[in-house]
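See structure below.
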Amino acid sequence: MFHFECDYASGAAPQVLRALAQANESQHFGYGEDEHCRAAAELIGRLCAAQVGVHFVPGGTQANLLVAAAALRPFEGVLCADTGHINVHETGAVEATGHKVLALPSVDGRLTADQIRQAAQRHRLDSTREHTVRPGLVYLSHPTELGTLYTHAQLEDISQACREANLLLYVDGARLAYGLAALPEVDLPFLARICDAFTLGGTKAGLLFGEAVVLPHLALSRDFRYHMKQRGAMLAKGWLMGLQFRALLEDGAYVSLAARANAMAQDLKRALVGRGVPFLVDTMANQIFPILPRSVLDALEPSFSVSVWEAVDDQRAAVRVCMSSTTSPSEAEALSAALMRALDGISVKNFAL
Amino acid sequence: MFHFECDYASGAAPQVLRALAQANESQHFGYGEDEHCRAAAELIGRLCAAQVGVHFVPGGTQANLLVAAAALRPFEGVLCADTGHINVHETGAVEATGHKVLALPSVDGRLTADQIRQAAQRHRLDSTREHTVRPGLVYLSHPTELGTLYTHAQLEDISQACREANLLLYVDGARLAYGLAALPEVDLPFLARICDAFTLGGTKAGLLFGEAVVLPHLALSRDFRYHMKQRGAMLAKGWLMGLQFRALLEDGAYVSLAARANAMAQDLKRALVGRGVPFLVDTMANQIFPILPRSVLDALEPSFSVSVWEAVDDQRAAVRVCMSSTTSPSEAEALSAALMRALDGISVKNFAL
Amino acid sequence: MFHFECDYASGAAPQVLRALAQANESQHFGYGEDEHCRAAAELIGRLCAAQVGVHFVPGGTQANLLVAAAALRPFEGVLCADTGHINVHETGAVEATGHKVLALPSVDGRLTADQIRQAAQRHRLDSTREHTVRPGLVYLSHPTELGTLYTHAQLEDISQACREANLLLYVDGARLAYGLAALPEVDLPFLARICDAFTLGGTKAGLLFGEAVVLPHLALSRDFRYHMKQRGAMLAKGWLMGLQFRALLEDGAYVSLAARANAMAQDLKRALVGRGVPFLVDTMANQIFPILPRSVLDALEPSFSVSVWEAVDDQRAAVRVCMSSTTSPSEAEALSAALMRALDGISVKNFAL
Amino acid sequence: MFHFECDYASGAAPQVLRALAQANESQHFGYGEDEHCRAAAELIGRLCAAQVGVHFVPGGTQANLLVAAAALRPFEGVLCADTGHINVHETGAVEATGHKVLALPSVDGRLTADQIRQAAQRHRLDSTREHTVRPGLVYLSHPTELGTLYTHAQLEDISQACREANLLLYVDGARLAYGLAALPEVDLPFLARICDAFTLGGTKAGLLFGEAVVLPHLALSRDFRYHMKQRGAMLAKGWLMGLQFRALLEDGAYVSLAARANAMAQDLKRALVGRGVPFLVDTMANQIFPILPRSVLDALEPSFSVSVWEAVDDQRAAVRVCMSSTTSPSEAEALSAALMRALDGISVKNFAL
């Protein structure tokens, strides 16, 4: 079975495992206060060209709930797209910290600066605003859950909207590696300038596990370790995460592996477009969302797993196909060949959306 | 620097790393729904000789807060020893789920069945009990935070007290490997019979990370994965934990490595007793708490790190020395030799407590 | 200034104040364990023709958050209309108990049974449902925040949908008095049969303050007082609320005063319709939502306060006008006369929506 | 039955009820934004001789949980005496906001400045402090739950300790009226100077209900109404509380009624001491804690209710006897006479503690 349903089906990139095998010979201070975490944090700071707090946590949901808990007062909430991961796929993790998620409608996974401005103004002008949740934080994901990317200009505008309205800005970068590779204009120094917090995802980018929470807003960082411990996000052997990030960041593999995944995804997209396959949404990075006939999905099923995103009609479904930093070219080619074979007997005209 | 201040300073046992290197070649289903987690869960069930729910989470604080969240209604609290990890060293993680920790005094880390009976009765007989937190769960650690062990009879009595009072019983087994090795009368089938929930610790027992939450009370298990996801404890690559537990449990290394650590700790204890060194508390497993002169600690400091537990007087401090599943005999010998050297010039009579 | 912007601008109905003056001479047991609370609870049980738990709390937000806290497990959420009070006007009170509010779109304040069925099914069929909040409770208000009412058949169907999907059903009856008066087919025995919990509002129905939480689902009632105390909703002099409910329920004034308010509101509605005034939504009870020109609102402003609900265009706004159990006929007439005067010079044709 | 078991068994002082009857004729803006609340807040500010935020909430538990929620970051806790109301009699209300109550041992209900200094220092010096709850707020009650009072010097020292350690200071004044009357050196201007927050209790001091939360720390006050609404503590007819406080504060009855209660309690204490009755604790205000033989309690039971505080031995129990602002002299005399009669046949020598 080849897994393309997500970008975390494989283990780690080889350099991660090598580093781990080597470090396993030594002992380390606990709870992220070791040389690997320190070195990885410094490296991230250098890549951001900014003074930033850096903390490593095992998973993305933890990162998200920690930032919400650290950034908000009890009566404040988080503005996000209704497709946002915190709104739909974290079992109410943010609400479990006591904060409402204030979802705004989105068609392609992105929020707009105008939506943020309007939401802030709606609250400010509401004479009963004390009866409503005050927006305190804006949550974006880049790339989004639909694989789309924000442009430099869009993010700049969003950042401006947040500052005007006294909102903190948090970018969930679970797939940031793919974003950095696909759209270099949104780079780490830019994110460090416009965000109060963002994550540099590891789990989906060649690590076994681990997300780096990067906090350009230094006041958020000061007591962040208390929050981490309280929410069970401070790993005893925290060095495991510092070590892994070092392994991929030091030689640039963090982005170059993602770039390879993006290229494989985009190659496949082009091949499908060539066959007349429509897409749910147009994407630039490692995730693509073709709309495929059930018969094609049935043909794939014994050997390839993809993720059914939503039924389009009785005959067809939009599926998510992910390439990842650990997908090998031969795996990608096997999927592409299987898809082309399955599509062979099928007339293009069936695909009009 | 040799680390003896805790039992999580080293990486993983060699068989864990070998399994990891091998599994890294394959792909796996996400979120703990893979073959390794399934196999590890089945293996734990067999070792418990019982039908149990098994879930793998990255850390011990997560395990503790998850069990509290899953077991309690909002107005219920957790009875525990005042030395209990949840009461002192988890930054209020249980309170952050909304539940009060109801600490009872303990001198050696252990609760007694009588304390539980009295606390339950105090609540039951209180005519204003609706104004007080109702005990709902009893938390023990075995071994305790002070390295002590409960006997089979003590645990049987505690379990009886819990059932009489309609309290759930949870045993934090972060160091259970050492307990199993040191006191075989408290084995997994026994724990599965008397507990509603317990953990089988991995982080301190030869894994890179991971705790198995074992739920003999099957109703607790049914929706446990929702709780895990909500609290950020469901690792995307959950197979990493199933794999590691398999690696140590399948060939018995989980207990045999712990037994070696216990033996090294007890050897060192005997050597120190031979020099007249007093102990804060008497222990049977991998942690020992000698009371040492500051001069001895100073002599160790450049090469060996131990954990200062509490100052006994101006001259002396009780320290914690841990051997772990990944401590090698040569490391233990190096520490022992250094300690004996440092004690050489010091008269026994200084040590009277 | 005459207040029509809400139904809680006046004090209590005269019989409430008389009862209070009389009871003030005596002493009472605290925390709702007195004869007045007991008698009021029994009376409510008789009116419901059912065995129900009854608890008195000072305010409606408390009632709502208490039912959520008592009814739900941590990872469960509350389905409600997006216009629902808990979703928009309680500053995230439900989220502050850790639970997500799962808002569904509504145009007139009502949920439908089909929406509930679809939401339940969507969760049940979702293979990643453990990553999403599980619906556990359905929240309705009757009358709704927009003054509309559910029919007997609609509520029966909703109740059926809830039972099929293992959801509890809660009706927020902050304005239930007006609903009972306007639509007798939805009476207390019916509500006691179809709901797990509902409130009988006092604050908006002639009491100084106080809501009765009625719990036909007796298991919810058993420990409800613990929840009340924990959330600060157990008033020391709880007898104040039992006394007030008795005063209005014993002689039927609870419903008859509401019926008078409904009649005054409906009279005013007819008069406005006669002048060609359009309405935001058609209502049967004590709240009406006429769409009025700014000039009319300006004319009212010095002497009458109404609530601007939403701007319809530059010239006009929908406003809420409330009659309440404590509005006197002369006050209602004064408003009606003022409105007619203000509308006199204005051509009907301006009002086409 | 005469109630002396608590100080909230009676209704309101006559002037409160008169004011209520009069105000009931008018209409008022909702949610505490009315003239009575404004006037009461200004009056309290004048009495404090300071700029303070003032908010009215129905009950004391609400006041306590609101101050904790407003004052603390998620990982911070509240230092208090182990006898503190928040620690023992609020069903974990503070923990339900996510914060640990850090109880310190007390024999007479009071904390000391030294305890606070030590607790703060213990945290500051702990190298693993991120694994522990950080003290953020100190909670005292004045008078305490045992009826004792802090001296001016003690409170000054505690305030100093809090400022040194960057802790906020909160005084629960549920019975502050009795404290102000018994010990004028601790007056409102002093409290406004040394505290960040305190309450001026109404429920136990002649109001039907209501506590004034006074916030000399103005930053705490700015968003306090959001917290109030979120926790269900913002009463729709908030004017009821402003009105009642005005009624007692404007003419000084708030303190003079309390002074009368104190005098009646102290008279009774002297009479009991004259009979050789020992006391659990010595008090100066409206609560006394005599240790009485069961036979005396049995004799009282048909006509007088007192509160059994704790059993001293098989024969005797410490009981709490409360006089309140609404206790009439004749009620106090009736109790005194009954007690003297019951003690008549009993030899003094039985009472040696």
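Labels A, B, C and D are assigned to the chains in the order they are written; within every chain, residues are numbered from 1.
Definition applied: a residue touches a chain if its C-beta (ideal position, glycine included) is under 8 Å from a C-beta of that chain, and two chains touch if they have at least 3 such contacts.
It should be emphasised that the depicted structure is a prediction, and the values quoted were computed from it without experimental measurement.
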Shared interface partners, meaning chains that touch subunit A and subunit B: C, D
Winner on C-beta contact pairs when A-C is weighed against C-D: C-D
Chain whose Cα centroid lies at the greatest distance from that of subunit B: C
Subunit B-subunit D separation of Cα centroids, rounded to whole Å: 42
Distance between chain centroids, defined by C-alpha means - subunit A, subunit D (Å): 51
Chain centre separation (subunit A, subunit C; CA means) in Å: 42
Subunit C and subunit D, separation of their C-alpha mean positions in angstrom: 34
Residues of subunit B engaged with two or more neighbouring chains: 74-75, 90-92, 96-98, 130-131, 226, 229-230, 234
Residue numbers on subunit B that touch subunit D, as the complex places them: 74-75, 77, 88-92, 95-101, 128, 130-133
Residues on subunit C engaged by subunit B in the complex (per definition of touch): 31, 69-70, 73-75, 97-98, 130-131, 134, 223, 225-230, 234
Interfacial residue positions of subunit B with respect to subunit A in the complex: 1-3, 6, 8-12, 17, 20-21, 23-30, 57-62, 64-65, 90-93, 96, 203-204, 208-209, 226, 229-237, 240
